[in-house]
Structures are given as structure tokens and as C-alpha cells.
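In the two complexes that follow, subunit A is the common piece, with subunit B as its partner first and subunit C second.
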Partner chain A sequence: MTQRFLSQAELTALVAELVAAKTRVIAPVRAQDNPEQLDYMPIQKLEEATFGAQVPRRSLKEFFLPATEVLLRYVQTKEGVEIKAAPTEAPPFVIFSATPCDASGLDVVDKVMNWDYKDELWFGRREAATIVSFLCAAMDAVCFCTAVGLGPDSFRGSDVLLVPVEGGYLAHIITPKGEALLKGKGKEEIPASAKAAAEVAQSAAREKVEANLAKIPAEFAGWLAKNFDHPLWKTLSLRCHGCGACASICPTCHCFDIVDEHDSSNEGVRRRNWDSCQTSKFTLHASGHNPRGSQNERFRQRIQHKFSIYPAKFGDILCTGCGRCARACPGGMDLPTIVGELMAMAKAEPEGGSNL
Partner chain B sequence: MNIYQPYLMSIKEITDETVDTRTFRLEFKDPEVAEKFTFNAGQFGEYSVFGEGESTFCIASPSTRKGYIECSFKASGKVTRALRRLSVGDTLGFRGPYGNNFPLDNVMKGHNMLFIAGGIGLAPVRSVIWTCLDQRDQFKDVTIVYGARSVGDLVYKRELEEWGKRSDINLCLSVDPGGETPDWKGKIARIPTAVEESGVKAEDTFAVICGPPIMIKFTLPVLTKLGFPADHIYTTLENRMKCGLGKCGRCNIGPTYVCKDGPVFTAAQIRALPQEF
Partner chain C sequence: MKELQDLARKLLSEGTVKVVIGYEEGPRGARAAFITDPEKADKLIFDTRCVQNLASYLNPRRKQIALLGKPAIVVKGCDARSVAGLLRENQITRDSVVIIAMQCSGVLENPGIESDVELTSENVSVRCGGCDVCEPKLFDHYIKSAHPTVPPVNPKRAEQLAALEKMTPAERWDFWSKELSRCIRCHACREACPMCFCVQCTADKGTPLWIDSSSTPRANRAWQTMRVLHQAGRCVDCMECERACPEHIPLGLLTRYVANSVEKRFDYKAVDDPSVVAPMSVYRPDDDEEFIR
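The block that comes next holds the complex of A and B.
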């Protein structure tokens, strides 16, 4: 890992160079339908992008697991069926000014996408992407990245992390991909004052999020598993509409549906679409039986999957603490508050709930 | 090729098992795949009708027979209804084999076997039965207890007849009270009673059981009463799935993924699962 100093002009030139070479560049820009929100969108020049102002309303997930994508095309002929599988390679693209939570979310989801079977569609895009993150200074009251072991300056999932300093940026170069992107750019000598300023900015950002929620202890996963049948789940989900908005905007929710769409009399596509465990038909059997028939069972699944099942299986909490679900929820379900309450219960009753 | 791309198979034979249950014999279109394809009894696949989607069920044929697979399904959802509209010679998609299997080779060989099935639950059990019968000398006594709501609901009738004639199988057929026909020669009892009265011994015996949840619920205590330890009772679970590969996130029962940790579980493992299935 190395560091480099980039001036604003050098960064602007880098984006121009990439765009000229027909590389897709993506960065947060003011949303077309709502100037108060940011969306990750393709840009032509750096000036279009907004750096570190706030967490974009949707995560980077859609660039790796699109809301809908074609898995294969089929044509039915007299002789049978011909299949054309979707290509697994993607053209290279660069993401600028990703929030560190979004970048790390991709790294967390990599684990399930590579669980015995490699999802080449996901990894084709992962390999094609170079991610330049930006020190997050946009945290609000529902941010809790430090609670899940990440942080506003986390390197995880990023190829480069930019920290704004006087006259430009201190670039932490994290991976060979980041190295390749910044090859010959900027200066290797970094003024001591810039280094010091970056450190101050990074630790100030961390402290700000840390104040929202304490770090989730390792034992929490086991406590949740033990308390699968605790009555607390019935109370927790009372305000949940089961709309699934939380899953759509979540950087780590990766559940999907597979459906066929018939285009004409003999052709069509098989698609993968985002899906959510919060909707009532997610687990519904054709027989009518539903293993998660009520909203409290579905909400329990969401919490258990993120904070117990995934950590037990893959060693990572399936949550980046980005706070989007709390911002998007029409019922006011506030994940950091809920996790905070559960942590308090776990502390008070480490051996399991008294109602067990 | 990506992991969601199915093999193409053609329907070689269609057998109507009951009014609503049908069996397909399927052969791989690509001779290279046909040559290489292997599976173990208990594994499942994603079967697809192009334009309608995919549906999950077990492979119902034995792993000892190469070159084809069979599946049995009941028309109950969009895809299974579409499967019913297919004819001999039509093409469907198949992804698999997925999941774990019944441990015939490493656990059950050399012991007595008790197979218990209700209704279409015989499909996965049939795969194990034939795999076992194809190497009959490797197993001791084989007992099959099979029942359905009515005579009309019994599946694989020709095979039931064949099993009934074999001297190396103890077959007990049963229908629920009221489901018998005037010429019915089998038992008239529900499965738990049929198992209890079958005279089967728990000692040195492994049980394989599959059927509706209510049947399993009332049969497990009978097996326990007969002296079967929970880790000698195997069953296979079903849950809604999309990928079959551990990614789409809907078949898990708490921390256990039916598609990857299952579908085959012992009664001991099922007892340890959260009550969410």
C-alpha cells in the first residue's frame, strides 16, 4: 500500500483521460428528479460529480447486480431450444467518489457470490471495476459503519481512497488496480502537513460515526441465533409494511428471483430480478404453505441473515451501516436503533431471553 | 456458460402416476453431458420450461442408472402446470445436480433399510430405493412402507407391483381410511400406524422418510418408540428455491440452507433447526 498526492487538476485530467479512452466513469451526481439527493451516474467530466456531500440514495449494488438482468436468451425452434447465455465479461469501468460503505459492501457480498459456486456475472463486473472511494464526511444520525467493523475511511473493497487535503487529495493506493489507475499520476512526495491533515480528518470522521452506535461485539451473532424464538421479534416488526424498500437500497441485500419473459411466440429471456425477504410471497410454496407467513418472521429473517447467519458462515456482518434502510423506510423502522436495542438486550441477558 | 445456464434435455417418456402427478424420463441433448453427468440419490435440480420459468424438485430415478434422469411432479404452480403441457420429444432445461444426498455408500451400506413415504413423497425415496435395490447384496433387510390418501393417489404403481413380488423386499402398502377400493388388498391405515404395525426392527436399521409435513410429524414419534435413534432417520426437506446454489436467499431455515446444507437431513439435525419450515 502506498500513498500519493493528487492535485484537483490532476484528478480532473484523469477523469477526462478515462472518458476519452471510452472507459465508463461513474460518480455521485445530483439526482435528476430530486436535487436534494445523489445518484451514482455515468459522468463525462469530474465537475459533474459531487464529492462526499452525502450518501447517494441508492448503493453501488446495481452496477454489479442490476435490478434486472438477462441470464440467458432462448429461441424455440422445431428442433428444440437454443440458449445463449449472457456474457460474463464486462467492459472496464471506474467509480469515483464511492462512499467507503458502498465499496466495502461489494467485498462483503463477494463471499456469498463465491460460496462453492462462482457467480461469474457478479465477478465479471467486479473484475471490470476500479473503485476510487472518498473519505466520508456525509454521515448523519442513522450512519453506523463503525458499528459493523467498517468506517468512513475504510479501505475495504476500494482500490483507492481519496482524502481531501489542502490543494488536492491524499490518495491511499490500496490494490494493484488502484496502482494501475494512478500510474504516473500525482506526486509520491506528500507534504507532512497533508499527511497530518488527512489523519486528523479520518479520525474525526470515525469519531463522528462511532457516537451513533457502539461496535457490535462478536458474541452478538450467537446471541441472535439463540434467541430465534424470542417474543421480541413480534414487537420489533410491528411498523414494517413488508414493502422491501430496505432491500432495494441496501448495498448488501443480494436476494433475487429468476423469471422467464416471453418476448414473442418463440423467443424470450430468463431474468434475474432483485427480490426481498420482506415481501409476503418470497418464501411462499406452490402448495400455499409459507414458512415465513407473518411479517415478524420475515423481519426476523432480515436481522438474523445480516447479523447472525452471514457472520457465522462468512465471518462478516451483512450490513455496511450505510443507514439507507432507516432513511427509506416508510414505517420508520430504524435499523441502528433496533440493533442498538438488541445489543442492549444481549448485554442484559447474555444467556438468552428470559422468555425462552 | 454461467451457473444459471441449464442443460437441455428432451422428454423421452411420460407416465401419468395419478390424476395430477406425472413422471418424465429425460435425456441430455448433448451426448458429452449425458456421458459425464452423475448424481447421488437425494440430490435435486432446477427444471425449466422456457418462457415459464424454473421449478425445484428431486431427481426421482436411481443414481445407479446412467444416461437419463426422471422427475415426478404435481401440477400446482405456474411451471409445473407448464410442464404438464409438454409432450414426448419436447425440450426442457435442467440445472443440477445440487445439494447433498442420502449417505448410502458411507453410512447405510451393510445395514437394514426402512423406507417410509406418503403420496408424492415417494419420488425422492424411490431414487434411494432403486439405488439400493441395484446393489441389493450390499444391504440387509429392505422394508418399504408406502401410503397415500387413496388408492388413486399411489404413485409408481407398476413398481409397487414389482416390489410386492420380490422376496427380498418387505413391502407394506397402505391407504388412509376411506381411500380404499373394494379390491384393495393392502392396509387401511395412516402411515404412522402402518409403520408401527410393519414389524420392522430398529436395530441396525436406517430409516428414510419423506412425505407431507403432517405425516412426518406423527411418524417420527413412532420411529422413536420403535427405538430408532434420531441420527438413523433421514428425510429430505423442500423449500421454495430460485437458484439452488446458496445465493438467492430464500430456502434457509435459520442458518441452514436447504439447497446447500440439505436437502437431506437427519431427524437429529431437523430437531436442532429453528421452527421455521
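The block that comes next holds the complex of A and C.
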């Protein structure tokens, strides 16, 4: 891993160069319907982007797993069924000023996408994307990336991490893709003062998030697993509507449903659409029975999957601590507070288990 | 506030109800509270941040709430209209809930953590303008405000509605097609709605498949058209759908537009009197019916 110094002008020129070469460039911009919020959107020049002001209201997920996408088209002919699969290769694109939590989220989800089956559409886009993250200084009271083992300066999932310093940016070049993007750009010699300033900024950012929630201990996953039937689940999610807005904006919620939709009697498409375990239909059996009959069971699933099942299977918490779910919830469910309360219970009764 | 807390404590300790659904101070501002212990009745609050329509929790699909036992619910006058809607449509019975109505002087459009924000025409909820239920009529207990005032009017809503009225049908089609193109078909609008209580929504039916579940222009329009038509004469303009929408589609504007159409055609507004029959559930010989001539 190397470092480079980039001036603002050099970064602007880099974006201009990419756009001129018809590479799609995505960055946080002021939302069209609400200038107080940010959306990741394609940009034509760097000035359109807003760097590090706040966490964009939706994650980067949709650029890799769209809310709806065509898997294949089919046509029934006299000879049989003709199938045209969607291309799995994507044209290269660059994301600027990703929050480190969003970049990390992609890396966390990579594990399930390459588990029992390699999701070619996901990885086609992952390979096409170069991600330039930006040291997050936008944390608010619901951010808790450091609690899940990440951080506002986390390298995970990023190809480059930019840290603003006097006169420009210190670029941490993390991967060969990042190396390729910045080849011949900027300077290799970095003033010692810039290096020191970057370190100070990074640790200050970390400390700010750390104050929100303590780091989740490794034992937490096991404690959740053995307290699957704890009475706590009966009161934890009373205010939850089960609307699933949390899952839509979550950088790591990746469940989808596959449907065939007919355009006419002999042709149609197979699509996959985002789905959420927070709605009752998710587990509804054909018989009418629903093993997760109330929101208590559905919310337990959300917590168990993110903080126990996924860590046990893949070694990662399925949460980046971005806080979006808490910001968006119309019912006032607050994940960092809930996780904090659960951690306190786990600490108070570490040997407790309700499953016995 | 004390009057509300004392009442909740009394209702819980004498066993009249098992849970009081109200508002409490949460980590990010006011949020729904479910008080089951009379000792904790002091947590209840009521101020301009209490935007959420708690009547959604009386919706029979909220099984996790039903498990707690008989509820008392804190409502603003506008929310009482949702309770009336659930009574009118036989989703709950009058003796199954204790209604605690608050005299309200308006709520914020985007409440934050601070509790003593003064309401202005800029920060007040767009739905508070012209409120005629600051003094509710449907209640078992009525708690008066110490300083009742008429809420200021946020002009944004009237401007939006006027702009919609001015459009030609083709322009309005384009406007909504563009807004609804962002819909991801998560159905959060439905889940948060106090009046969406169907055990199985048409949008969830697979055999036959009425509406494609994918987010496509055709399916998005079909879904929202069906939803708002089912809300005609039932929606109380609480805007829970819009608050829930992760794509920030102005769904409240859509339902309000339909509510206005119902008012114009049928001289009916969703009121807090459950005995008033809704236009879509009654046949009147003097109905215009000009659309089928």
C-alpha cells in the first residue's frame, strides 16, 4: 500500500478525464427533492459532488444490486424455449467520496455473494467499480461504525481512501485498482506535515464515533444465539411497523426475491427484486402458516442475522454502523441504542441462555 | 403532561388497560412508547414533536401489540380520525380501546431532538393547516392544552395542490410517473398506514398475479393507483406513508389529492365520528354518477 498527495485541481482533472473517456462517475450530490440530504448520483464534474458533508440517505448497494433487475428474458417458440441471460459484465465505473461504511458494506456482502454460488451479476459490477472513499467527518449521533469493527477511515472495500489535508488530499492507495486509477497523478513525496495532519484527522474521526457505542465483543454473537427465546424479544420491537424501510436503505441487507413476469403469453422476463425479512410475506408458507408470525420474530431475525448468524458463518457483522436505519425509521426504532442495550444484557448475564 | 401521566398510571394500576400507547423521549426525539408498568407512566410526553399517528398500532395486523392486552391510546384530533376509521370498518370495537385525546396546537414537519421548538409557518407540518380537530370529539379522556392556539399554516401544501390542479391530465400523469419511477415496491407505505389492514394485500397475491412485484413503470403506477383508490374516503392525511417511504416519494400529496376529490364529489371528509358512513361503503340514490352516463 502506498500514499500520494493530490491537489484539488488534480482531483478535478481526474474526474474530467474519466467523464471525457465516458466512464460513469458517481458521487454524493444534493438530493433533487431535498437539498438537506445527499444521494449518490452520476456526476459530470467534481464540483457537482459534496464531499464528506453527511452520510448519503441511501447506500451504494443499489449500484451493485439494483432494487430490481432482469436476470433473463425468455421466449417460447415452437422449437422450445429461448433464453437470453442478462450480461454479467459491466462497463467500468468510479465512485468518488464513498463513505468508508458504504465501501466496507460491499466487502462484507461479497462473502455471501460468493458462498454456495458465485453471484455473477454482483461480481461483474464489483469488478467494474473503482471506489474512492473519503475520510468520514459526517458522523452524527447514530453512527457506530467503530462498534462493528470498521471506522470512519476504514480501508475495507475501498480502492483509495482520501484524507483532506492542507492544499489537497492524502490518498491512501489500497488496491491495484486504486493504483491504476491514480497512476501518474499527484506526487509521491508527501510533506511530513500533511502525513501528520492526516493521522490526526483520522484518529479524531475515530474517537468521535467511538463515543457513540462501545465495540461489539466477539462473544456477543454467541450470546444472541443462545438467547433466541429470551423474553426480551417480546418488547424490543413494539414500535416497529415492519415496513422494511431499514432494509431498503441498509448497505448490507441483500435479500432478494426472484419472479417471472410475462409480457405476453409466450415471452417474459425473470427479475430479481429486493426483499426484506421485516415483512410478513417473507416467510409466509403456501399453507398459510407463518413461522415468523409477528413483528417480534421478524425483528429478532434482523438482529440475529446481522449480529449472530452472519458473524458465525462468515466472520463479519452484517452491519456497517452507518445509522441509516435509525435515521429513516418512521417508528423511531434505533439500532445503536438497541444493540447497546443488548450488549449490556449480555455483559450482565454472560452465561445466561434461554434456549436450554 | 402530568395530567396525562396520572391518567395513564391510574388506567394501568386499576387494570382498565394493560398498555398505554403514547409518546416518550427517545434517543433521537419523541417516539412511540408502550407503557405497561404504572411506575413508568412518567415517561409519557406530548409536544410538537409527536408527529407519528399512533393509531397504526391499533391496526389488527400489529400482532405484537395485540399480545400486550387491552390498550389505551394517546391521539391527536387528526389521529382520532384513524381510530374512527378502524371503528367504522369494524377492525376494532369501541370497548376494546381507551382513547386519550390531546388538545393539539400543531406538530412539526421534521421534528428533531429539541422539545421546545416554536411552530412557524415554515416548520409546521403541512397537514396542520386549517386543522378542524384541534379539539377532538372521539375520546374517553380529554386532556386540554395549557396554551391552546390555532396551528400556523404551512403554505407548501396549498402550493403543491394548486400546482397539481393547474396541470393538464397529461402533465399530471407525467408528474406522477416521474415521482413513482423511484418506487422500489417495498410497500413500506402500506405497512406504516393505519388503514391498510387487509390480511392479504392484492399486491402480495401470486395466484393470480394482479400486479407485478418488480419496480417497473407499469407495476409502480398500478400499485400506487390501487393503494390510493383504496384509500379514497378513508385516508385521514396522517402522512405515515410518506414518512415511511425510503425513496421520499410525496405520497401524502397523492392521498391528499384523492381525499380532496372525494370531498368535492361526495361532500365527505374522513371525520372522527365513526357513525358517519364513508362514501365508498354506501349507495346514495342522489349520487351524481356522471362518470358512468
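By our rule, the second predicted complex is superposed on the first by the 352 of 356 C-alpha atoms of A that agree within 3 Å, B and C clash if a C-alpha of one lies under 4 Å from a C-alpha of the other, contacts with A are read in each partner's own complex, and residues count from 1 in each chain.
Please note the rule applied: contacts are C-beta pairs under 8 Å (C-beta built on N, C-alpha and C of every residue); 3 or more make two chains touch, one makes a residue touch a chain.
Note that the structure is a prediction, hence the values are computed from the model and not measured.
Enquirer: Which partner does A:257 reach: the first (subunit B), the second (subunit C), both, or neither?
Expert: both
Enquirer: Go through the superposed model and pick first if A:274 touches only subunit B, second if only subunit C, both, or neither.
Expert: second
Enquirer: Looking at A:120 after the superposition, I want to know if it touches subunit B, subunit C, both of them or none. Which is it: first, second, both, neither?
Expert: The first partner, subunit B, only.
Enquirer: Check the residue A:112 against both partner chains and state whether it touches subunit B (first), subunit C (second), both, or neither.
Expert: first
Enquirer: Once chain A of both complexes is superposed, is A:244 in touch with subunit B (first), subunit C (second), both, or neither?
Expert: After superposition on chain A, A:244 lies in contact with subunit C alone.
Enquirer: Between subunit B (first) and subunit C (second), which, if any, makes contact with A:72: first, second, both or neither?
Expert: first
Enquirer: Between subunit B (first) and subunit C (second), which does A:332 come into contact with in this model arrangement: first, second, both, or neither?
Expert: second
Enquirer: Would you tell me the residues on subunit A in contact with subunit B in one complex that are also in contact with subunit C in the other?
Expert: Touching subunit B in the first complex and subunit C in the second, residues 257, 259 of subunit A appear in both lists.
Enquirer: Within their complex, state which residues of subunit A touch subunit B.
Expert: Interface residues on subunit A, with respect to subunit B: 71-72, 74, 76, 80-81, 83, 85-86, 88, 112-113, 115-121, 225, 228-229, 254-260, 262, 268, 270, 272, 275, 277, 282-287, 289, 291-292, 297, 301, 304-305, 308-309, 312-313.
Enquirer: Using the touch rule from the top, collect the residues of subunit A that touch subunit C in their complex.
Expert: 31, 33-34, 37, 57-58, 67-68, 141-142, 234-235, 237-245, 247-249, 257, 259, 261, 271, 273-274, 276, 279-281, 293-296, 326-328, 330-332, 334, 336-337
Enquirer: Mind pulling up the subunit B residues that touch subunit A in the complex?
Expert: The contact residues of subunit B facing subunit A are 1-6, 8, 10, 29, 48-55, 76-77, 80, 91, 93, 213, 238-240, 242-243, 245-255, 260, 274-277.
Enquirer: In the complex formed with subunit A, which residues of subunit C make contact?
Expert: 26-32, 34, 52, 56-57, 61-65, 67-68, 184-192, 204, 209, 212-216, 240, 243-248, 250
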